[in-house]
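Here the structure comes first, spelled out in structure tokens, and everything after it is commentary.
In this document, chain identifiers A, B, C and D correspond to the written order of the chains, with residue numbering beginning at 1 in each.
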Amino acid sequence: MATEGLGFLGLGIMGVAMAKNLLKLGVPVCVWNRSPEKCDALVAMGATAAKSPAEVILKSKITFGMLADPAVALTVAFGPGGVVESIMPGKAYVDMSTVDAETSMTISKAITEKGGRFLEAPVSGSKKPAEDGQLVILAAGDESLFNDAGAAFDVMGKKSFFLGEVGNGARMKLVVNMIMGSMMTAFAEGLSLAEKAGLSQNDLLDVLDLGAIANGMFKLKGPSCIKGSFAPAFPLKHQQKDMRLALALGDEVAQTMPVAAAANEVYKKARTLGFGDNDFSAVYKAIADSS
Amino acid sequence: MATEGLGFLGLGIMGVAMAKNLLKLGVPVCVWNRSPEKCDALVAMGATAAKSPAEVILKSKITFGMLADPAVALTVAFGPGGVVESIMPGKAYVDMSTVDAETSMTISKAITEKGGRFLEAPVSGSKKPAEDGQLVILAAGDESLFNDAGAAFDVMGKKSFFLGEVGNGARMKLVVNMIMGSMMTAFAEGLSLAEKAGLSQNDLLDVLDLGAIANGMFKLKGPSCIKGSFAPAFPLKHQQKDMRLALALGDEVAQTMPVAAAANEVYKKARTLGFGDNDFSAVYKAIADSS
Amino acid sequence: MATEGLGFLGLGIMGVAMAKNLLKLGVPVCVWNRSPEKCDALVAMGATAAKSPAEVILKSKITFGMLADPAVALTVAFGPGGVVESIMPGKAYVDMSTVDAETSMTISKAITEKGGRFLEAPVSGSKKPAEDGQLVILAAGDESLFNDAGAAFDVMGKKSFFLGEVGNGARMKLVVNMIMGSMMTAFAEGLSLAEKAGLSQNDLLDVLDLGAIANGMFKLKGPSCIKGSFAPAFPLKHQQKDMRLALALGDEVAQTMPVAAAANEVYKKARTLGFGDNDFSAVYKAIADSS
Amino acid sequence: MATEGLGFLGLGIMGVAMAKNLLKLGVPVCVWNRSPEKCDALVAMGATAAKSPAEVILKSKITFGMLADPAVALTVAFGPGGVVESIMPGKAYVDMSTVDAETSMTISKAITEKGGRFLEAPVSGSKKPAEDGQLVILAAGDESLFNDAGAAFDVMGKKSFFLGEVGNGARMKLVVNMIMGSMMTAFAEGLSLAEKAGLSQNDLLDVLDLGAIANGMFKLKGPSCIKGSFAPAFPLKHQQKDMRLALALGDEVAQTMPVAAAANEVYKKARTLGFGDNDFSAVYKAIADSS
């Protein structure tokens, strides 16, 4: 890591936690947020605040972004006072937002055309891992930037991957979420079958937890499915969107995915039944409910 | 556990290991096997050998069976010199073989009609857990017998469940294997999609292993799928049979299971392609292969 | 056709109509029915009535049966005064009931062991075609009997097929019903998609009816789906049973059938929703309904 | 129909036949084609030729277009000398090309903003029905234009539908093709199951053809599947694209379509196996083939 400073754009729940961890590196950190009052806590800890993304870029060797969605990521990049305005040779931008491959490629093109370096680096993990510096970072794009950002990734995450060309970070997230979505549906089928076949659902959870397919998701979602509690950690409509996008990716490369396709239709049924804003584990309702 | 002795029928790979663990209880253990020379090792360790299942029953308060398949389990129960011949009030039989619910119910009926007690108790786990006394025991049937067999289960397994009426042990195994079979197919789809989409399959395995759906099966089967190595730990044709039986159970109780149904068709395709005797992870071949 | 007489067992809605057509051949016809009063109409038209299936066999060169289901077919064959009692060389039995391959094979074995000839000959078509002599006859078993029964088949049906060994008649019906069941589900998906996408369902029916996939089922079931009228012509639970049996046949011969498997799960869902006794077109409800 | 003339853009196989039929109305017909020599035959029959789409629009009250694909349709509308250049109040454009809803809506917007009237009117039917004036016309957009074009539709088609807002023509085609694609896959499953189960595939075709689901597609594609002849009438890759687009439409409106989703995955598998340029009935190969 160079002795020059780091920048951070976007101080939502995730961003605040990640920026705080950057301060541990002992280099200057310059932050920006749409609502400027969110910067106060960071400033109190030693960061400086800037008035625009462009200003952060100018003051930092490497700037990280953690924005809410593709639309915000595009605005922060291309809007007035945005990243692209002041990017130049010697400057680098690492977009850690969860966006689609196309959005990443659009931002990448604009930045590299002006001589800057770009990395997409979506993360896996939510608030707690962000605070604990235990995120998993899926980076893709400029490999020299991946190396230069290594110390920063080390304080924000427990592990960072370099996945090749821009877009691969987004694609990797899709593949992982697709497997997760199919697994959750298979799990819902098993839970519901157990009950209808006269078995105890809690026994099933205990048996599963002792075997080769024991995993954190079953442990977490099993009891809440049984209770019928579906407060959204990851909203079902977003899971379904990821299933759809993964299937679209499969379509593009002619990969047959019959299980994911079947699971996707169950998520769609769950949306029709009104569970789109519930947790994705509410797919259980589309499997279990009768008249 | 009563001070009287225990019996053990069937000294295959699993049975030998389980019977050895029973010897640790310090009570007399009487064993029988179709090929009598398999008894020698146990006798050397302090067991006595009997000439028939019926003789074991007579000499033991509780007799355990670990037979190869439903046909053998039925022969040992109903054949000449079989369990049913000498079962009577005060005697108990625990069939730990993996059989279907109907086979268990047939044996149960014959034993209880003669005044004996019966428990089906299929296990989850193979050779190593059997040797280490780390099996998971899925018992169903006579609850007083479950309690009386507690000390024996404790030396053979790490955990034993009482699941209710006879048949529920078999049903629980089916539900677990169905979830496993769907998961494996979803995993195969993800692995193959990753490759076609230009991602590294090893990166995918690493990313999965750091997240909420990390599990032993992905860890074990992922590298072997990538290598194309499908030496049978659990043969694909048996996994497909379990998918079919789980779907039949779902049919009986009107439980829709679209993901399991889709996965089952992929296992059938894999059978058609000639992978029935390979490991069930060879379902990957039916997903990944092109012309 | 020999100059000797014909027999007919089972005078339900179908049987009465079929037996009446046999009278047109101008040979003696001997009939039997469990409730003997059902014979009166036939007797008035020139038939004679017998007191048991065995008596019909004795009086007839070829006897036809049209029984309600496999259980009745087995009783008529094996019960006291049943077909098997008096079957002998020179006698022949043609079972036109809709039964599974195994039932047919059981009856066939008993009859051929006593020197008789046997043919299974399930029909496609209901009351009206039976009356009009327009059934489609799916015969399998003894080919010489198929030829000897030709004149009788000609007055009962518009077309008869000889399909080979006993069981093939039942199997052919399963294959046809499986295609029908998948088609109906695909049709339901299209009907429901049309409505949600803002198209007129009646326009869709009209467009379909002008194209290459126009068929009688769409013409018949389309308007009733739109009206939500599902009076049972062919009960959904029977259609689902046929899907299940066809999938089981596919399992046996390792034939992958992902579309039939997906459709079967929708029929199961419809059963769960309480539509088992409605017409099979009520699968539309499992596809179309939302919260 | 007004006494003023009609225009026709695009004289491919379909367009030539359709324009010839327009001549029967006895009104002036002005034609244009990218390769001008294609106009000669029409001119010989009494049409006049123009140098650009814009010129045709100027000379005609209603102009019809039949272009190869969305890209050509957009070029003919928006390119230099295109339809939009000279459209104005009193002029009307009917695009009969097969394009997606979005393309139709883009062209519609441009035309109506300049005061013209627009109708999308994709057709069902190929060369022969085009020559015989037996197309099915799926029109949507300006209803007054639909009425004004009635006489023209009557000579080109056997039936025309007005389906509401622009985009509905494209959507109706998708729904119909989705049902067709699922049906073809179900049919392939039945054909292959028949063979593996020891039934004659030709018998199956004959039985199907006598029943309620008899239809032209089974009659046409059945024998060619059996022969393994898949010369493209409708290429598999286009059928798969339509399945994908129909599923995307279902996604948009939250319509679950498990059978179409399963069928789509089979088409994708068939693409992977190299059958994308064969007839869509080659989906049979993905169902039937073994190792």
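Criterion: contacts are C-beta pairs under 8 Å (C-beta built on N, C-alpha and C of every residue); 3 or more make two chains touch, one makes a residue touch a chain.
These numbers come from a predicted model, not from an experiment.
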Co-neighbours of chain D and chain B - touch as defined: A, C
Same or different contact residues where chain C meets its copy chain B, judged by the half mark: same
Most distant chain from chain B, judged by the mean position of its C-alpha atoms: D
Approximate Å spacing (C-alpha centroids) for the pair chain C, chain D: 40
Between chain C and chain A, distance of the C-alpha-averaged centres to the nearest whole Å: 57
For chain A, residues that touch 2 or more chains besides their own: 250, 254-258, 261-262, 265-266, 272, 290
Chain B residues within the chain C interface of the complex: 240, 244, 248, 250-251, 254-258, 261-262, 264-266, 268-269, 271-272
Of chain A, residues touching chain B in the complex: 124, 136, 138, 158-159, 161, 163-165, 168, 171-172, 175-176, 178-180, 182-183, 185-187, 189-190, 192-194, 196-200, 203-204, 206-208, 210-217, 220, 246, 249-250, 252-263, 265-266, 287, 290
